[in-house]
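Below you'll find a set of structures to go through.
In the two assemblies presented below, chain A is common to both, partnered first by chain B and then by chain C.
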Partner chain A sequence: MSPPLKSMLGVLAARGLQAVIVALIVGIVSFAMMYALPGDAAYRIAAGRYGYDMMDAAAAEVVRLELGLDDPWLIQLWSWIGQLMQFDLGNSLVYGSPVVDEIATQLGFSLLLAGGAVAASLLIALPVGIVSGLNPGGLFDRTSMGLSVFLRAIPAFALGIVLVLVFAVQLKLFPVAGFRGFDNLVLPSFTLGIGLAAVSNRVVRDAVVDAMNADWRLFSRTKGLSSRLTLIRHVLRNAALPVVTYVGVQLAYLIEGVVIVETVFAWPGIGHALVHAIFGRDIAMVQGTALTLGLLYVALNLIIDLACRLIDPRGSVA
Partner chain B sequence: MTDQSNMMALPHLQHKPSKLRLARVLGFALLLWLAIVAVGGPDLIGQDPAKQSLLSTLERPSLAHPLGTDHLGRDMVARLLSGAQLSLSLAFLSVITAGLPGTIIGITAAWFGGWIDRILGAFADAVLALPGLLLVLMLAAMSPGSWWALYAGISLTLWVEYFRYTRQRARIVLAEPSVEASRLLGLGPWLLVRRHLIPEIGPGLLTIAAFGAATAVTSVAALGFVSVGIRPPTAEWGVMMTELLPYWREAPFLILQPVGCLVITVLALHLSVGGMRRP
Partner chain C sequence: MIKPLSAVICIAIAGAALQATAETKSSVTIASPWEVASYDPAIAGFAIQKLQIMENLVDADVNGALRPGLATAWTASKDGLSWQFTLRSGVKFHDGSDFTAEAAVTALTRAWKQPGVLKKAPIIGISASGETVVITLEKPFTALPAFLAHATTIIPAPAAFDADGNPAQMIGTGPFSVSNFTPPQSISLVRNDAYWGEKAKLDSATYLAAGRAETRALLAESGDADVVFTLDAAGYSHLQHVDTIETSAVPIPRVVALKVNAGHPFFSDAKARQALSLAIPRDGIARAITRFPEAAADQLFPPALNTWHSADLEPLQTDIEVAKSLLSELGWVAGPDGILTRDGERFSITLRTFPDRPELPLIATALQDQWREIGIELEVSVANYSEIPAGHQDGSLHVALYARNYGLTPDPIGSVLQDFGTGGGDWGAMGWHNQKVVEALDIIASTVDPDQRQASIATVAKELHQELPVIPIVWYQHTVSIDKNLKGVIIDPLQRSYGLSDMYWAN
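So, the complex of A and B:
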């Protein structure tokens, strides 16, 4: 087996293991939630299935027998995890529909928002970082540094409130919340994107400074390339690796941000559904949405791993 | 002996650019002020944060209510102070709860190495498999509105960073010839850790603690804001934002107050350790 293929398989195996751990943690916590929440789980599930009016003690007893709710908890946990491993997420206790169907529509919206956020952050971070990095210590560099520190201290949902009040309510440039068209994508994307860019523009700047001071950059200037061509062909390409790596570091922030910001903007995605499910004690939905967000995190990490390998095939970056 | 520890601390001081001094002083001053405010709480002004007065709702700032009153006529200053008390005490406690075991486990892993190191590392990786807030969210869902769930969840996600940092640094420091020499001299493990390791990792741990506290304050407010954390009527900054959002037109100055408090707190914590953590 060739070394690149081997390292690629190593990456896949590590992320696969992470996915299994995510599923186990989510499954166990959801299972514990069933025990911890007040009330009889059998009654709760029966009410979810048949509606509160059609449910009685007999129906609850049927559910209890069918799902084995009287079994020792270790056996219950075993079958719970077993179902999870077969991607059987059950039905929503509130809506009655299969959790998978609900998530299938929500996932698209969350991916759209995540993509919009990364695009917005790059839109801000790349120009700001490159200009700062080309003249380190200059006025622009220092101003962007100060702004970064300040913007980084603003939590995403607080920034969301301020942006809504200014751009949606006062200036009426964008819709306030919900999803009717791509206008709705702008504010939530920039809410998340500004937070991401506050850190990543410094990473871009440092990468550009490093690249500008490198020996090979001096060499390409000496051999007669114009400073513009050097920048485009050599400096920016070499600066890309730390930037892409850092997008990977920010993924946790992105997933967390998606959960909160979707709620601020009533965005019909998975994060909003998760918060809603927690509020409505819909354990099946909590498990399904948390699992999907967790697996999304793993999948995005995998993409970043592979992208790093593509940019720098030497595989020096773990 | 003091000379020796000074020499160890000196390189850190020299590395620091003087420009950051001002930011740090400002951050520490803000932190000190916040700490006093949080310890005093609503008692400082002698107002009850829960006392309603439905005849004077959404009032503009006045002498009796320096920052106005909310939609139920409750004094905003008292509520903000009580929110500060809740957020900062939770942040402080979870940083301690996460930091001490995290550091000790990190040193243990680096000291013994081998399979102990591998098991502890795997455990840390398992906690990091999920984004931190997701874990806190699920734990909060288990017992809605409970302070303990938030505290446990935040501490559980924060300790990993101390562990990883300490393990990585301790591995390098413990392999240094100077440590080897001290060990050959017959110095005990506690002395080695105190003399060689603590001066080396101390500043880094402080940075992690400040950023961890900021994460904790933000998480509490975020969960309160989306109604899965602390519940009303408790005065908490995130809860206050949700409560005051519908009244932004009548009283825009009210909703901006808890937002401002949150931003100032996080900013103070970031500034106190130099503002920007290098990735």
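So, the complex of A and C:
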């Protein structure tokens, strides 16, 4: 087996093991956290199901009996793990529908939004960061720094409303909310993307500055490569490493931002669903969603690892 | 260089022309805050009914008067213990199957066994007999037809249930059928051309749940949504100045009210509850928080409930001085910090409310401020609304602020019986018993004599007004924004229907 392939397999095996551990820990921790919340779960679930016009103590007792909420916690947790072993996430306690169906729809919408956000952020961050980095301390660099701080400080909620006011209500370029077509994706993507780009353009800039000051750059210029070729062949490739790693780190911000942006734009995503599930004490839904998000993190880390290895093959030999 | 440019211009002009010819729209988008994530009538019935996907045996007009739905007629036996509902013939479900008495019995039995209005009626059996549905009762109950107009008693097709009997699709008999459902945000509808009644004028419609009031106002302003329900005060006043939109506020039978634990030693005397009521700035709350000054609730039942609202009742007043003297009559004395004490106990209480209706926490803090003036220390606890029934059951509740819909069924007796009957109710009286009210409610629920019924209703309204087991604060207005070109929009104060089938676009 060739060393690079062996190292790839090593990465895959390590991440696979990590996935199993993450699944178990996330499941147990989310169960424990939901269980530790104050208030009677039967009342909360009945409230989520029937709405306050129909919810009363009698409805809560029906729910308690139906879902076996009086069973000891160990039995409840064990039955969830047992189901998980058979790749069954159970049914939503509030809506009665299979958790896997809900997640399948919502995860798709969230991934679409996350993808749109990353694309929007790169669209902004790459050109701004590279131009700033090529002339550090210049007017453009300083202006973009100031703007970055300003934009990062605006909460996603407020930014979203401002974008809607300008681009949907005034200019009528994009729809306000909903998900009828790809034009619906633009404003929520940029709401998240601007927040992401506000930081990542600085990462790009620093990476470019570092690369421009590196000894190997001087060497490539000395050996006769033009400034343009040095940039394309060496500087961008070297600068890409921290940027790709950072895009992975940013996914944490993305998940946090997705919750509020999905609500503002009436986007049927997983973050919005998770918040509702927590309010409704829908343990099955919370566990299923948390598990999916946990595994998603593992998968994304794997992709980032592999991407970094492709950009910088030296790691696989070392 | 010129050729591609002219091609682009041609396409642009053609596009504009196409848009101009497509000016008469045949589709409507409505936005509301309520998410739909289930196929179950017990959970999502409120939306399925409003969108006219499924129908009830009994329908109601905007005044709450009952009219035939999937049943053409209904009669009660002489003793009032058996009701017969004659079903409409020739009705088909969206999947082409026939609407039968068996389908109705299956749906109603399921509704009866689950939490919902039918569980509150004295039903002992539901059966099919030829083309009729027979419901037998334990004791006479005249509001039964009104209960069959409620959202949880809509009739899904047998094919709407999976093998285990759980709802898995939305198949009904209504003027619209579901073409796409993306829980919890959206439902797409198309006209049911095989509808038994007058067919809808629109070809299709979309329901969009937008949880945030800001989003809904922006959807209305941009024209992305043609009809938007439940606007917040800021959005509503802003949209009044937008040319393309008409706004409307319809009084509905929902009341912001304060539940008082009359079993608690602080509130067991009606004078204490009257003092609380006298220190509620209803006009200020209606003007500044809910922004409909005419909706200050000077009695419990709003004008929208015309048989229960009474012009004879003296309006509830705000008078801090009278409130103070009532409390001092009860032995309360102001302490050094202004808070009342009696037998060494401070008048310090907790109010439970919830944030789902954003005005409730605001009203709670207004009460906190006002009641301090009469020497009551109020702590406001904003949590899940299920804390209110939970506190009712374990007796730990002092006062609770919520919004109660007395128009759940076209005849409010269902809610009133539940709230003020023997033992009170989770969303009604607590630790309060009034034999006159119990007897009057019994008569209202069982009599067919309209005069006797009305006299008993007056008794109940009067007793509730004097004793104040639940203190009314403001009545609700249902706020709506409508695109000016959309015609035939009827706003149902009972919120049973969005009236989609009557809407059409002006040219």
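Following the convention adopted for this analysis, the second predicted complex is superposed on the first by the 231 of 318 C-alpha atoms of A that agree within 3 Å, B and C clash if a C-alpha of one lies under 4 Å from a C-alpha of the other, contacts with A are read in each partner's own complex, and residues count from 1 in each chain.
In the analysis below, a contact is a pair of C-beta atoms (placed from the backbone, for glycine too) under 8 Å apart; a residue touches a chain by one contact, two chains touch by 3 or more.
This structure is a prediction, so every number in the text was calculated from the model and none was measured.
*Asks:* Using the superposition on chain A described above, determine whether A:Trp267 touches chain B (first), chain C (second), both, or neither.
*Replies:* second
*Asks:* Quick one: is A:Asp88 in contact with chain B, with chain C, with both, or with neither? Answer first, second, both or neither.
*Replies:* A:Asp88 contacts neither chain B nor chain C.
*Asks:* What is the contact status of A:Val203 with respect to chain B (first) and chain C (second): first, second, both, or neither?
*Replies:* After superposing on A, A:Val203 lies in contact with chain B but is clear of chain C.
*Asks:* When the two structures are overlaid on chain A, which partner does A:Val162 contact: first (chain B), second (chain C), both, or neither?
*Replies:* Once the two structures are laid over each other on A, A:Val162 reaches chain B alone.
*Asks:* Quick one: is A:Ala36 in contact with chain B, with chain C, with both, or with neither? Answer first, second, both or neither.
*Replies:* Touch status of A:Ala36: first partner only.
*Asks:* Now for A:Asp183: first (chain B), second (chain C), both, or neither, which partner does it touch?
*Replies:* neither
*Asks:* Does chain B (first) or chain C (second) touch A:Phe279, or do both, or does neither?
*Replies:* A:Phe279: touches chain B and chain C.
*Asks:* Please write out, lowest number first, the residues of chain A touched by both chain B and chain C across the two complexes.
*Replies:* 161, 165, 169, 263-264, 279.
*Asks:* Okay, in this complex, where on chain A does chain B touch?
*Replies:* My answer: residues 18, 21-22, 25-26, 29-30, 32-33, 36-37, 145, 148-150, 152-158, 161-162, 165, 169, 199, 202-203, 246, 249, 251-253, 255-256, 259-260, 263-264, 274-275, 278-279, 281, 286, 290, 293-294, 297-298.
*Asks:* Please name which positions on chain B make contact with chain A in the complex.
*Replies:* It is residues 23, 125-126, 129-135, 137-144, 214, 218, 221-222, 225-228, 238, 241, 245, 248-249, 252, 255-256, 259, 262-263, 266-267, 270-271, 275-276, 279 of chain B that touch chain A.
*Asks:* Looking at the complex, which residues from chain A come into contact with chain C?
*Replies:* Listed in rising order, the residues are 39-40, 43-44, 46-47, 49-60, 62, 92, 94-97, 102, 105, 161, 164-165, 168-169, 172, 175-180, 263-268, 273, 276, 279.
*Asks:* Given the complex with chain A, which residues does chain C contribute to the contact?
*Replies:* Spelled out, the residues of chain C in touch with chain A are 29, 31, 35, 37-40, 42-43, 46, 114-117, 119, 152, 166-167, 182-186, 206, 208-212, 214-215, 218-219, 221-222, 224-225, 354, 356, 383-387, 389-390, 392-393, 402-403, 405, 408, 418, 425-427.
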